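Just dropping this structure here.
Just so it is clear, A, B, C and D label the chains in written order, and each chain counts residues from 1 on its own.
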Amino acid sequence: MMKIFRVIRRGYYICYGIVGNQVIRLDEDPIRALIRYYENREILGDKVNGLDYQMLLSKFEINGMKITKPLDPPEVWGSGITYEIARDRYSAEGNIAQIADKTIYEAVYDDERPEIFFKGNANRCVGHGEAIVIRSDSEWTVPEPELAVVLDSNGKILGYTIMDDVSARDIEAKNPLYLPQSKIYIGCCAFGPFIASPDEVENPYNLDIILKIYRDNMIVCESTTSTRKMRRKIEEQIKYLTRDNSIPDGTILTTGTGIALSKDKGLKHGDVVEISISKLGTLITPVLRRDNIKS
Amino acid sequence: MMKIFRVIRRGYYICYGIVGNQVIRLDEDPIRALIRYYENREILGDKVNGLDYQMLLSKFEINGMKITKPLDPPEVWGSGITYEIARDRYSAEGNIAQIADKTIYEAVYDDERPEIFFKGNANRCVGHGEAIVIRSDSEWTVPEPELAVVLDSNGKILGYTIMDDVSARDIEAKNPLYLPQSKIYIGCCAFGPFIASPDEVENPYNLDIILKIYRDNMIVCESTTSTRKMRRKIEEQIKYLTRDNSIPDGTILTTGTGIALSKDKGLKHGDVVEISISKLGTLITPVLRRDNIKS
Amino acid sequence: MMKIFRVIRRGYYICYGIVGNQVIRLDEDPIRALIRYYENREILGDKVNGLDYQMLLSKFEINGMKITKPLDPPEVWGSGITYEIARDRYSAEGNIAQIADKTIYEAVYDDERPEIFFKGNANRCVGHGEAIVIRSDSEWTVPEPELAVVLDSNGKILGYTIMDDVSARDIEAKNPLYLPQSKIYIGCCAFGPFIASPDEVENPYNLDIILKIYRDNMIVCESTTSTRKMRRKIEEQIKYLTRDNSIPDGTILTTGTGIALSKDKGLKHGDVVEISISKLGTLITPVLRRDNIKS
Amino acid sequence: MMKIFRVIRRGYYICYGIVGNQVIRLDEDPIRALIRYYENREILGDKVNGLDYQMLLSKFEINGMKITKPLDPPEVWGSGITYEIARDRYSAEGNIAQIADKTIYEAVYDDERPEIFFKGNANRCVGHGEAIVIRSDSEWTVPEPELAVVLDSNGKILGYTIMDDVSARDIEAKNPLYLPQSKIYIGCCAFGPFIASPDEVENPYNLDIILKIYRDNMIVCESTTSTRKMRRKIEEQIKYLTRDNSIPDGTILTTGTGIALSKDKGLKHGDVVEISISKLGTLITPVLRRDNIKS
């Protein structure tokens, strides 16, 4: 049982594991450490004292040590319409593309082949306490709170984490050919606050997911779901991701959203998004709108 | 006026430029050399003799020197439905997704926002003489012969090349949400044989594109188009690619196909694809079907 | 006040500092950490618990963690005849080179210019618990227990340590032109077990030095001296080392021996050498004779 | 038959080989290229035209390309008193250290064991056209024109070159314990202009060595010798250098001087030293006195 997190201290990344209540400073980078753990090899590192992990999670920064994304994924991929509610809510938007007598969401939900899409790479992702982004040309951007898996190059699951597959829903809804623009941009993705080893999670199909959006310190949106409702098994998603495709160690796959916010629930500049998943903690990120960012 | 190509010799990449008829062995990696040229700075390298470039292009390998992709793009992106024929032919397939009364292809063609999609990165691309791939689960994979641009991180055009945006058309046509699976896999993309500096090309909207597919040494498909027919200007595509998105130096954007092969024109294992574009030479690649590849 | 030591764990070097009784796992390599400390900047690292430093020093290896030399010096230099006893004992050997009416040792002791010699680099040095070497062609090799300083590239003293300037005395005594062969070879130098910051030592001219040689678990030689007897001030040695010469950060200068063993006190294969200096701990090294080493 | 030289162009080192009259731009660093040649493997590189090597040697810099030392030796070692004239001339200085009834130079010349000393590393060496240095505290510094060998880590001879073992003779003569200070400092060593493969030289014991010193464009010193007069065979020197010692690939050993200038022949600031050895070309270096160098 191990949780991995990472901090920035004076410009250096430093990676830690938590085993029981003991914080271990890892000798290796987080992807190697997860592989080592997966192979049942000894965790290499030092027992650290005085690092108050709970305080770090709640304050984001203590003693010149700032929490950040737990690893640098070389690639991030997503799965879509893996929950019935996504099929239904997405299909209920006006003017959704139809194939024969189904919306494209109904069609993919009913089909054998899942939707798999590219979501970006490390430099488009942020971690706990770092800002996710609303594109300058989107009026309706939503968080998509999801269970994500960290994979090795063979598609083996090295760990689990919370991922926010932030999506410009208006761009995506207008034409499915705009999906990459709705999904891939700077700040389109948050994950963390830590990676849990598979034995921390045990059963990934029995986890509660809670989304809260704060605006002016008030909760303006709260919604819950459970991975019990995931229709596509994670292994099935991985099978399609890796079919005739090769992925590097540390690739993240996010497994689709079970919470689909309506048009009036879009994010606004200054909001704070809080996503909790059983056993995976709480990922908190402020929201910036692109035209409010000085570039 | 400079053309850049790259070879593998004893496991090392070596990069050359051609200025006039003189082959220059470049001191720098190809992306830096293109940036230097763009900035009107002197090309750094040695004049080489005895390297028969035309022979290398026609034989792929001479004297233990094998031609390969001219650079390693950190990201490759594509544009879709930038030619009228793509809108029409794609729309004419049976059961294409509709939005209101248009197919998604008609809708994107008529809309202000272009289709932009992620196509992969260096390790999914091949060069001149190297094999492109048919996915094991596709019965209808086609070459898409396109003009491509090499960009710097600001979206400036550093050079032009031929790109083959190989696509599993059956997977894409079934549901637009399958587009990433039809577009991104190992061997999904070929480019080369060289990168031409912008002044080699002058007007990118006046180039002829010729596609030939050989099977058992016979031409089984031949088709031509011209970039005159490109509806979306390249600058417009770049504008959307880089909007709220950041790309690294050396990113390639391929500008959409003007040749859309029908279902009976799919590639088969053992075919050879030959794409010529005015001023950009001829890119030749054999075709492998994934289930014929020993992994 | 900081002591730095270094271990090998599964093939990785890891560096620690001790501040008070607290072990700190350093974020930086030991040379940078010493420079940072010298500049009165904060020590970067994590407080470690459960690492029993005293046990590590006495057992050399615990829990798959082996102590080794505390840093990799790019260059090691030595000073000679800085104690009166070295002048006298060295001069008393038979057939010592004479200049006018003095031995070369008397001449250098009396002269303004000190003896400075190159002693090797990291790959010729060993640390606490690692073997020093007797050359295959020497019958009289001795330990020279010395106070050493770690320098930055300006010659500032970053720290102090124990160094054993192992010397093939018979080769050196035969002809001073053989000095490099008596001084520089694989295993010619040991230092450690840690580097002490200057404030740990305060006054480097008031330190006791004790040498013990064990053979078959018996003490066969024991000798003591004190840095009070050092005639050449360390700053003077550094002045000559760096005159018209440039040294890299982390260079070590060893300041000359105050214990000069006679011919019957030479090291033998299987001996253990133990050197203690006040405030700098005890450096213990086994002794191997080169012809007993399988290469 | 290959000669290797190296240039700096816009801050990059680039290495060339000459085979026949053809200049080859080497794919590898010079040490690897010499090893490859030694192993009778094909030289990897491109045939270059328009690089006028003779012009480069005579002008030092053409077309923004400056000749420099042909490789970066990790270590440089020297041999002493390998010619009878060195024994005699060195011994004839006043007040030379005596062992029994011989000077130390006579003793080492007559003894089985040669003198081997550390001379520095790449950052203390200069190349053709670059300045050698007179220490600020020396009144009598001389060039020592020598045949040098480039060695691999097993002591095999990979190539030959000219080396100038610049020496502060007054410091060395005062006391042999000062030898390192007379031999090792910034600018103490020049070599080049190229490295010749062993088959270029064939017999290293039949090479003429000519030294010329220019002052105000006049020859103020001219002296010649031949490697025929070298008493110590090079293999014998290498045997002692590598006995119980390990050296890295690319180490240079300089084989001792056969020209020993008297006190009135010392170098002065502004002199130019020119050393020619049969088959190894001519190495030309200006002379700077340290106190005339702004640091």
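Please note the rule applied: contacts are C-beta pairs under 8 Å (C-beta built on N, C-alpha and C of every residue); 3 or more make two chains touch, one makes a residue touch a chain.
Note that the structure is predicted; figures quoted are calculated from it, not measured.
Path length between chain B and chain D in the chain contact graph, taken as the least number of steps between touching chains: 1.
The set of chains touching chain A and also touching chain C is empty.
Taking each chain's centre as the average of its CA atoms, chain A and chain B sit 32 Å apart. A separation of 62 Å divides the Cα centre of chain A from that of chain D.
In chain C, no residue touches at least two other chains.
Viewed as a network of touching protein chains, the structure reduces to one closed ring of chains, two contacts apiece. The complete set of chain-chain contacts reads A-B, A-C, B-D, C-D.
By the touch rule above, chain B contacts chain A in their complex via residues 80-81, 95-100, 104-105, 107-108, 111, 113, 115-118, 123-124, 133, 135-137, 171, 174-181, 184-186, 240, 243-246, 290. Residues 9-10, 12, 14, 25, 27, 44, 46-51, 64 of chain B touch chain D in their complex.
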